[in-house]
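Pasting the structures here.
What follows is subunit A paired twice: with subunit B in the first complex and subunit C in the second.
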Partner chain A sequence: MEKKIGVYICTGCGIGDALDIEALSKVAAGEYKVDICKTNNFLCGKEGVELIKKDIEAEGVNTVVIAGCSSRVNYDVFNFGSDKIVERVNLREQVIWCHPANDEDTQMLAEDNLRMGLAKQKNMNLPEPYLVEDMSKAILVVGGGLTGLTAALDAARAGYKTVLVEKEAELGGYAGKMYKQVPLKPPFTELEENCIPGLIKAVQDAGVKIYTSATIEKTAGAPGMFNVTIKQNDSTVQERVGAIVLATGAKPYDPEKLAHLGYGKYENVITQAALEEMAAAGKLEAGKVAFIQCAGSRDQEHLPYCSAACCIESMKQALYIKEKNPEASVYVYYKDIRANGQYEHFYKKAQQEGIIFIKADVTDISEEDGKLTIEADDHTMGTKSIADEFDLVVLANGMVPTAALGEVVQLNEPAEEEAAAASDEPKVELPPVIKANLLNLDYRQGPELPPLKYGFPDSHYICFPYETRRTGIYAAGVVRAPMDMLSAVEDATGAALKAIQCVEATAKGEAVHPRSGDLSYPEFNMTRCTQCKRCTEECPFGAINEDEKANPLPNPTRCRRCGTCMGACPERIISFKNYSVPMIGNMVKAIEVPEELEEKPRILVFACENDAIPALDMAGINRLQYNPWVRIIPVRCLGSLNLVWVNDAMAKGFDGVLLMGCKHGDDYQCHFIKGSELAEYRLSKVSETLDRLGLESERVRAITVSIMDYDKIPEILDKFAEDLEELGPNPMKDFQ
Partner chain B sequence: MSGLTAAVEAAEVGCEVYIVEKNPYLGGKVTQINQYFPKLCPPNCGLEINFQRIKKNPRIHFFTMAEVEEISGQEGNYEVSVKINPRYVNENCTGCGKCVEACPAERANAFNYGLDKTKAIYLPHEFAFPMKYVIDDQSCQGAGCGKCAEVCEYQAIDLSMQPKNVKLNVGAIIWATGWEPYDATKLSYYGFGRYDNVITNVMMERLAAPNGPTKGKIVRPSDGKEINSVAFIQCAGSRDENHLHCCSSVCCLASLKHATYVREQYPDAKICIYYIDIRARGKYEDFFTKVQEEANITLIKGKAGEVKEDPSTKELVVIAEDQEAQKVREEKFDLVVLATGMAPSTAASKVPADVSYDEDGFLISDSGIYAAGCVKHPLDVASAVRDATATALKAIHSTVRGQQ
Partner chain C sequence: MEQKNTLTEPVKYDLSFAREIYSLENGYYIKQCMQCGMCAVACSTREIMDYSPRQLFNLIKLGKKEEVLSANTFWYCTSCCTCKARCPRGVPLVDVMHDLKKYAIEQGYDQYPQAAFYKAFWAEVAGRGKVFEGGVTARYYLIRGLDEVKKALAMKDVGMNMLKHKRLPLLPPKKVRGLGDLKKIIHKAQELQRKEARA
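Let's turn to the complex of A and B:
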């Protein structure tokens, strides 16, 4: 597209009073020779917007550069349609609100911001969506238990072709074998009939294509075009699907490991699953029964987490016993009763029915004449207690996700690691993968969803529980996190929605969350690829496969558009239509770096768009003042930082470079998983280069900020400027 | 958060969505939270992403300061009458803030639970979306004053603005009006409202928030002094026959989180939590373990019976039965935080339609009019988001059935 550029400078909100607008206009009209440059004192008002619209219609302006407030505001009034490029230059929040008015340095900052905006639009094009004919909108659900059946039914009811694969010969999973189930609806006091038979019928009626006694042999492809090989008995079938819900559930924690509670030693020490079987078979007869909660759970030796469902499941089973024999004595030994939310009503019901709850640590179980004795430290009595004559002891033995069951493998091949160590190059460590034989993904980064702690492939985000690290694949139910049945049902529906959303977005060439709707995607100029594998290893979403010769094989529909591959590539062959290494590089070059004699140092800041940029805006909104030598370039994620930008900046005479990214570590906040961490890896390489050039490595720094750290921004920037002053000017300045 | 999530998730499937929000800003209760457990990360981070998603999505329409007055019709075809209350500030507002300097009137800042004040014209909070000022007509001196309108260069202030009505035709309704903190003044034995240094857990969030009334410094409200000791009283109004019957699900984890706020500022302060059960379910157990290891807290199993105040020092005494030690304890504290539970918003303000509620007032979901989030169950944020995402699909089912 041939660009016709209109630059519109807003003088409202005090911008006109604080800056020399005429000089600013000269930058656009003079230096950059743009087609149109106008000013208005209320650009976001009706007249201002009309002014721009008139130029679009009458003059054919298709690239609009608006210099005024932050792009976080007035996004709606400056929307001129998807066929126009709109670039916002921040003069308000990041210039006049945090720097003194009518000051030479403030003016220079404003002019540089405008130069950067102009350089940016010059190097950017409208994205063209990645479209493939005949994308599949079918949904595959793996696992036919409560969660899988619910997800399949809900996807089918929304009008999507749905395929369900179940390993066992019968649908229903763990819940299918239950005698009755915990209440799933108000008043949350009554046991409910098992919902699974009804659910199976509904799934069949809804036209879901069901494979039982079947497993997934291989999942190749990408969202919108997964090719799934399903192995059923001795034959294989291919299904083409658009997105996947992983609902393979959990297994009870192995009771053989609970010998200290008498399991395996005494036959009347049983698991919750065994009790369900007895109840379902009508063989549950007992006069005195004890339930031992947290048998394996909340135990550093076994499962450190709480299995979430066991408290209410034991209450339900205790009620089975009372139902059969109202005279029976039933005791529940517990650490904390976790009948959260409305299940408090169920807890009360259990107490009303005469079930006795004892806060205690069980210390020993023994047997005499077929009757069991329990010794415990009773916390409510403050004494040791001994209770005997139990017919049955039921261990609430918790759950282990099916995703955690399998061999743990490290994907970095040893040969590669040695080579990396030898070459001194920092190497990104790939997370371990658990070969659980659930999806068998044909992905360079491993065959299953990457696990989080304890093997649950849960999302790391509180606000976005379905923000998966494998686009288009959503885990739901107890494979994702320990949860009760009610939560699993909701989780199934939620995951089905995300799967549907993914196939809809993918068919339009749009990214899914968090850059929802983004039409850009990375393109590879393969002729210059050196097969270094950095992009295939560093992509946080496993979007890039590799052929035998280590050439990257991108899968654009797996991509989340963070640009990590672009940042990783030493040959700079990866770019987006509207985000590229040259684009940012030219923004850096557009900044005027004064000569040493002028004593005006320059600091380049690469700031993450998600947290650091809003924090910088907030500093402005709160009128916090900070050093005017900084020049801020927003990046999609610090993971997209290409080292050449830092090199260019230092060569151009910048005195320092600061990277502002999200917090990393266990509680990381980066929505692209490791962006800021990767940037720091890369920086460690730059430091060596700087040292070789005789430049102090302290000139380039990375820090992490959260969106709420805006009050610390002045201190951070001022301190960095001070440190740089101590180091003295960048000696490269004079070579310019 | 639930409403926002349901709206964004449904719109990203391709539905046209209308958000009706009572406040002058979107985001609800989570905007007032300092950090989420267990990651201790700021809610504004996720909100910022959700607002970006709204900004980019032409299918989402929203009304702030709005409430649903009437619902008629049936699944697949509802007519909803929405009343939009006057903001007195129109779309011309650039967020420059000149009006605030001119305004002579003040109001108690509801965003900070009355712990400080704003002018009668104010920005609800600095991350407010939309970023537009609003006038509180209860405290504004009206057209007779008009100082804000005089200084506004953009004719953004309209003191004569009237309520408006909008009619919407929709296939399904998601009711996600959330929760209110249980009214702590009903717990007279704990002294809230009588003793300055007895606060609620939601107030604790604001005290600890960098953008709160004390800029994040946790101090005694009575005199602004630093604290040496703090007690958290769990189940303040929850799991109680005389108050909320159910458990509010989040308060245990919230108090554990508050213990980390206090510990960070006061390495030597005494922190006690009075509890019935610590309900750190599922993977949240890790957070419970971590706080016990790192924050040096004392857990006392027992429901606190009473809080007394020494009027001269404003110090508080918590009287509770320590079940494990089998004795009544009386301990002194500088600050007492009541872990007040979640009352569903529908306990006070009903849906204008034929729907049903459980014994605590939680809305029961039904085909066509669905409950999502904390108006349905007491939920933590991640679970509310999960529930809202699920509810978006249920609402889509209604529109699919409506077409058949």
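Let's turn to the complex of A and C:
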């Protein structure tokens, strides 16, 4: 595409009063010789937009550079269609709002920002969407319990071909075997008849293709083109689907491990599931029953987490015991009652019905003549308590996600690890994968979804509900996190909607999440690939497979466009149409670094677009002032940081480089899971190089900021500038 | 705050006492208590109570009849309603406390001076339709016994001062008009209460 560039400088919002616009125009028209350079005092207004549109029509402008406000605002106003490149240069939030007006340094900053924008558009091309051949929009639901059935029904009713795979011979799962169920509708106080039979019928009527007694032997491919091998009895069937909802549920925690609560020792110590069975079979006869909550859950030696459903399940069971025998006394020993959301009403109802709740730790269970005695520490009164004559003791034994049941494997082969240890290059450790035999993914990074915590294949719920770390595969229900039935139903609908969103976006060649709508995707210049495997190992989403010669095999529809592969590649062969290593490199080179004598240090900031850039913008919006030496380059994710940029910056004479990324670790906030972690990791390599060159490694630093840290931005940047001043100017400054 | 805790022996959960309490007019609400402690922090006389309301409710659940009925908790309740207003479970604590006072008196746990005062006050109101301070005082000390009457003499200066300021009439006021009707109303109400308690 022949570029015809139009630069439009907005002088509104005080930009015209604070900056020398003429000098700024000279940068565009003089230095960069752009075709058109105009100013307007209200560019986002009707007239301003018309001005640009007229130039597009009359002059054939196809690359629009707008210098004004942040790209986070007015993106809808400055949208001139997908066939135009639009680049935004931030003069407002990151220049005039956080630096003094009519100041030499502020002017230099504005000019550098414009230079960066102009350098950036040079390397930008219009993205061409990646379109899948033989695209399938079908949705596969794995697991036929409450969540799976709901998800399948929702997907089918939304008009998508839906396939349901259930391991057991009958649909229904754990909830299907229940005698009665907890209330799923207001007023949340009445026991309900089991909804599963009705749900199964609805799913059958909705035309869902159902495979029972079936498991998934292999899941190959990528969103829009998954080839799933389903093994039913002894035959196998192939299904091509677009997205997958994983709703394999959970298993009750193994009660054999609860011997300290008398399980296995006394016949009348049973589990919630066993009580459910007894009730369904009509064999429930008990005059005095005790429930022991958190049997295994919230116990560091068993399940460290809260299983979320057991409190209300116990209440339900207690209520139907009372329903059958109003004279029965029912005791619930609990740590804390966790009746989430509307289930607080259910808890109150249970109390009103005369179920006795005792906040206590059970210390001993013994039996005499078939009657059980419970000793406990009663926390409300601070005393020991004894209760006897129990006919039944029911353990609320919590749940373990099916994804956590299996052999834990570390995918780094030991030989490889030794080699890595031998070389001085640090190597990224792959997260362990639990072989749970659910999806059997044909992915280079392991056969199942990577777990987040305790084996749940969850992702950051606040930011990415239902998203797993494998694009196009959405976990829902108790396999994702412990939850009650109402939440599971909600989860199922959410995941079904996510799956639909995925197939629709994939059909258009767009990224699904979190860069929804992004048409670009990484392209590999394979002739220069050295088979180092960094991209295939570091991709947080397992998007890149590997052939037997270790060549990367990218799957663009699995990709979330973070650019982690681009940052990882030592040969720099991976690039996007509108985001690449040379592009950022040229932006770095476009910045004018004054000579040492001028005493104007320069700090380069690579800031993550997701959290750090908004924080910087917010600092501007709040008019927080910081030093004018910083030059900010937004990156898609710090994971896309290629070390060559740091080298470029140091060679160019920058006094320091700061990486601003998101929090990583167990409660990470990175949109791409471990981008900032990888960046810090790569940085550990660069510091050695710096030391070797005689440059202090303190000059390059990585920090984490969250969007709410905007008030700390001035402190962070000024402190860094202070530290750099102590180190003195970059000795490479005058060599360029 | 030092918590009074007389429970040294392991407790047993004996529901027979709790069931009796639950059958009181507002006793049913005690079941709804979730032991959050909001009543205790809201209570202005919590410091001098043997047990906070929440602990008292728990003792009921434990079947500690003796501890519950001889506790001063409900006698020190000033009916300020703060706990009732704040209880997240909607337990009308003040009404529950009233029920407990009545129940305690019925069960013979009337050793607290407040119990005597309640009795005296009620006898006065029911008999006259109005309160006569002299009458309440006399009745109160008589109920409390001879020893108390002697103690009452120590209060004579206060009484004299009140007389001087016309705060203590010497003669009883006139009975209300239609005292017979009032008695009928009270009688009817008591009958209703008995009926409901049986139901």
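Simple rule for what comes next: the second predicted complex is superposed on the first by the 731 of 736 C-alpha atoms of A that agree within 3 Å, B and C clash if a C-alpha of one lies under 4 Å from a C-alpha of the other, contacts with A are read in each partner's own complex, and residues count from 1 in each chain.
Following the convention adopted for this analysis, a contact is a pair of C-beta atoms (placed from the backbone, for glycine too) under 8 Å apart; a residue touches a chain by one contact, two chains touch by 3 or more.
Just so we're clear, the structure is a prediction, and the values are computed from it rather than from any experiment.
When the two complexes are overlaid on subunit A, subunit B and subunit C occupy overlapping space and clash. Using the contact criterion defined above for the overlaid structures, shared-chain residue A:497 touches subunit B, although it does not reach subunit C. Of the two partner chains placed by superposition, only subunit C is touched by A:384; subunit B is not. Within the superposed three-chain model, A:351 lies in touch with subunit C and out of touch with subunit B [touch as defined at top].
Legend: residue contacts after superposition of the two complexes on their common chain; A:108 is shown touching neither subunit B nor subunit C.
With both structures placed on the common chain, the touch criterion links A:711 to subunit B but leaves subunit C unconnected. In the superposition on chain A, A:359 makes contact with both subunit B and subunit C.
Once the two complexes are laid over each other on the shared chain, residue contacts for A:337 go to subunit B and to subunit C alike.
When the two structures are aligned on the shared chain, A:464 is found in touch with subunit B, with no touch to subunit C. After overlaying the two complexes on the shared chain, residue contacts for A:305 are found with subunit B alone; subunit C is out of touch. Overlap of the subunit B and subunit C interfaces on subunit A: residues 337, 348, 359, 380-382. In the complex of the two chains, the subunit A residues touching subunit B come out as 12-14, 41-42, 44-45, 69, 72-76, 154, 157-159, 185-188, 297-298, 304-308, 336-345, 348, 359, 379-382, 453-454, 456, 458, 461-466, 481-483, 487, 490-494, 496-498, 500-501, 504-505, 512-514, 516-517, 610-611, 614, 618, 621-622, 663, 667, 669, 671, 706-708, 711. Residues of subunit C touching subunit A in their complex: 3, 5, 7-13, 15, 22, 28, 31-35, 54-55, 58-59, 61-62, 89. Of all residues in subunit B, only 1, 8-9, 12-14, 36, 38-50, 52-53, 55-57, 92, 94-96, 126-127, 131, 153-154, 209-211, 215, 239, 245-249, 277-286, 289, 301, 323-326, 358-360, 362, 364, 377-379, 381-383, 385-387, 389-394, 396-397, 400 touch subunit A in the complex they form. Within the complex, the subunit A residues that touch subunit C are 329, 331, 337, 347-348, 351-352, 354, 356-359, 375, 378, 380-388.
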